[in-house]
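Below you'll find the structures, each written out as structure tokens.
One chain, chain A, appears in both complexes that follow, with chain B as partner in the first and chain C in the second.
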Partner chain A sequence: MIADKLSLLVLDATEVKYDARGFHVQHTASPNILPQIADAFLSENFHLEMITCQDRRENDNAFRLIYQFNQYGTPQRHVIHADIVPDTAAPSIATIFPAADWYEREIFDMYGVTFDGHPDLKRILMEEDYFGHPLLKDFVDPPNPYRSEDGAS
Partner chain B sequence: MAQIELPLVADNPKDIEELREEIGPLVHMDLLENLLNHARSRSLWPLTFGLACCAIEMMAAGAARFDLDRIGAGVFRPSARQADVMILAGTISRKMATPIKTLWDQMPSPKWAIAMGGCTIDGGPFKYPGQYAIVEGADKIVPVDVYVPGCPPRPEALFAALFKLEEKIRAGKKFNK
Partner chain C sequence: MNSRFEVEQDPKNRDTYYLNMGPQHPSTHGVMRIKLHLDGERIISAEPIIGYGHRAHEKMAENRDYIQFLPNPSRVDYLGGMIYNVGYCQAVERAMDIEVPERAEYIRIICNELNRISSHLLWLGTFLMDLGAFTPFLYAFDDREKILDILDRITGSRLTYCYARFGGVILDIDDIFLDNVSNFCTYFVERLKEYEKLVIGNVIFRERTIGVGIFAPDLVQKYAITGPCLRAMGYAHDVRKDEPYGIYDRFDFDVPTQTEGDCFARTLVRMEEMRQCIRIVEQAVSDMPGGLFLAARVPRRIRPPEGDYYFCVESPRGNFGMYIASDGSDIPFRLKLRTPSFSHISTMPAVMAGTMLADAVAILGSIDIVVPEIDR
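Right, the complex of A and B next:
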């Protein structure tokens, strides 16, 4: 059972109301054991639904990585929260779930979070010579030739 | 046509240039140019590429119900080297700006650009304070000849734009040299 395997790995697991939140179980984990967690989900025939990130540097001095796993058959959506300290790398799970490859590239592109062990960590949405990470809270896009000068943006 | 006395100017090449300006071109190409412009306007060959949802309307314009072939503009070329017209159909993301510029440079002159839809006019619904993802108007990267408003424009609007472009070409204006 996935619950037994996860209970050894995660710090905290809470069952939540699916109707209100859209998922069944919420876990908090240390980022170091993300590959073990991914292995556990893979062995139970779960698939990766998405990875995203939150910029919580202002309050918690952390980037929160959010992983969602689900399975066919009985719906059972698990959400993993893993906080990492800014300027440290998170372990990549792209070798376990190939679907994670582009998600991790997107998080690198938008937030600047790097992933150890990723096969090809480069920008995915912005052009390759772009200078910043647009979804950071303190991001400001400097004037550039692609923007209008009429003050509307 | 004026007679040029060559010994008078042979020593100084600058005088030849001045003389040429005075007497105008030795051979007038107007008739040929008109004929060529007429031919060009009746066989606009667009480049095959769509950027976003406007491309669906562009495809509809090319398909049987509307049929761009009726006005000779249905020969979508897969290579920029063979295309006359670039129909910018859809939102231009910033990552796409460089490939579009490359394609435009690969197209042989004379060439024209049609900006189709609100996004290519000024960024459309994606233009807001702090946006980082799109190019706010096709005219930021290529010289645009005709703008087509709409979100997306109906195929009839694209036809109207092509008719306008034909008028412009037949009028013999010099552009994109």
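Right, the complex of A and C next:
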């Protein structure tokens, strides 16, 4: 059972109300055990639905990585929250779940969070020579030289 | 790597070369590039390069409130716009516990399923055109126009709908709309048989698709494949059945599956899905209740309670999920769009390796990607 395997790994697991929230169990984990967690989900026939990130530097001085695993058939969504300190790398799970490859590239592109052990960590949505990470809360859009002062294009 | 050169020689091995399929290739159906490493016509490796149509919908969500974000979801996937628009409303409604009147739920079901048929029709036409058949394209667009006319009459738009509101829909339907829909249903059931005669039995089509682009069974779990691509591999997984949202649990419909997992199986699944859509629409039309089309008491300020929410719907391409992190204010703290095309296109290196260049076109067409949905 996935619950037994996870109980050895994660810090705490909270059951949430599926009818209101859309997922079943929320876990908090330290980032360095993410590969073991991914292994546990892989062996229990779960798939990686998505990885995303939150810029929580103002509240908690951390980036929160959010991993969501689910299984086909009866939904059983597990959400893993892993907070990492800015300017540190999180371990990559792209070798375990290839789907993570692009999600991790997207997070690197949008937040500047790096992943150790990723096969080819580079920008995915923005162009290669782009200067910033757009989804950071303090990101400032550069002035558009093609737009006039009053905002009309 | 200089992308301006269409063909370039690999200095280590003079026999192989790189070819950029895209960004303006017709069979990518949008601005996307696939960098193919070729040996003659055999693909050694393929690398999709995306982001040409990135419009930062997720950043936009963090800069405007929930109501102002209403027009955006249908722009994410412009072929299944109604389903995305309704899905976003349902996500916020569930987070805030807003009641939706019965009539609005039925209207949403009809619009959703008509939109799914129109998306599948466009896919059918363009997929076959990629394979060299021009006639089905004209047939499919003819029928698609009929759906767009029906939806245009009540929503005012033909492609990027913004019809659903928190607590219902913006305008009520009338009897003419219901007549149009039931007329279309009777017409389209007959028409589907014609499509099957025209397409499924065609020798060239079968040669181009049977056994081509097979998804290996282990890809399913590793890449989280969903939608018709998954059902073509024998999994009867459909969000409408497994975790019914709205009132989908009241309708009687089947989840079509095939086992081969090749381009041909994906075609059969989508053809049968259109028939099931018609079944749902017919039931919804006959059960259409009266009453309100928009809830009378919708909170003036849309502020979901603090916390994370995930809501997923069955889009024409697969499992579309919205992750909303609310901090209790008017503006989402984070809104992540989990789109099926993004997952499917990331399997391309694994699926395309070892196939022929002409098969790459068939594979890309058969998984039904929408590029703005990949780039968001």
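The criterion applied here is as follows: the second predicted complex is superposed on the first by the 144 of 153 C-alpha atoms of A that agree within 3 Å, B and C clash if a C-alpha of one lies under 4 Å from a C-alpha of the other, contacts with A are read in each partner's own complex, and residues count from 1 in each chain.
One rule holds in what follows: a contact is a pair of C-beta atoms (placed from the backbone, for glycine too) under 8 Å apart; a residue touches a chain by one contact, two chains touch by 3 or more.
Just so it is clear, the structure is predicted and the values come from calculations on it, not from any experiment.
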item: First, second, both or neither for A:126, with chain B first and chain C second; value: both
item: Larger contact residue set on chain A - chain B or chain C; value: C
item: First, second, both or neither for A:134, with chain B first and chain C second; value: both
item: Chain B versus chain C as contact partner of A:48, first or second or both or neither; value: second
item: Which superposed partner A:147 touches (first chain B, second chain C, both, neither); value: first
item: Which superposed partner A:101 touches (first chain B, second chain C, both, neither); value: second
item: Shared contact residues on chain A - chain B and chain C; value: 125-127, 134, 139
item: Chain A contact footprint on chain C (complex, rising order); value: 50-51, 54, 56, 58-59, 62, 94-95, 97, 220-224, 230, 235, 237, 242-243, 307-312, 319, 321, 323, 325, 333-334, 336, 338, 342-343, 346, 350, 375-376
item: For the chain A and chain B complex, residues of the former touching the latter; value: 125-127, 130, 134, 139-141, 145-148, 152-153
item: For the chain A and chain C complex, residues of the former touching the latter; value: 20-23, 26, 42, 45-50, 52, 54, 66, 68, 70, 72-75, 77, 79, 97-99, 101-102, 110, 123-127, 134-135, 137, 139
item: Chain B to chain A touching residues, read off their complex; value: 94-95, 97-98, 122-123, 127-137, 140-141
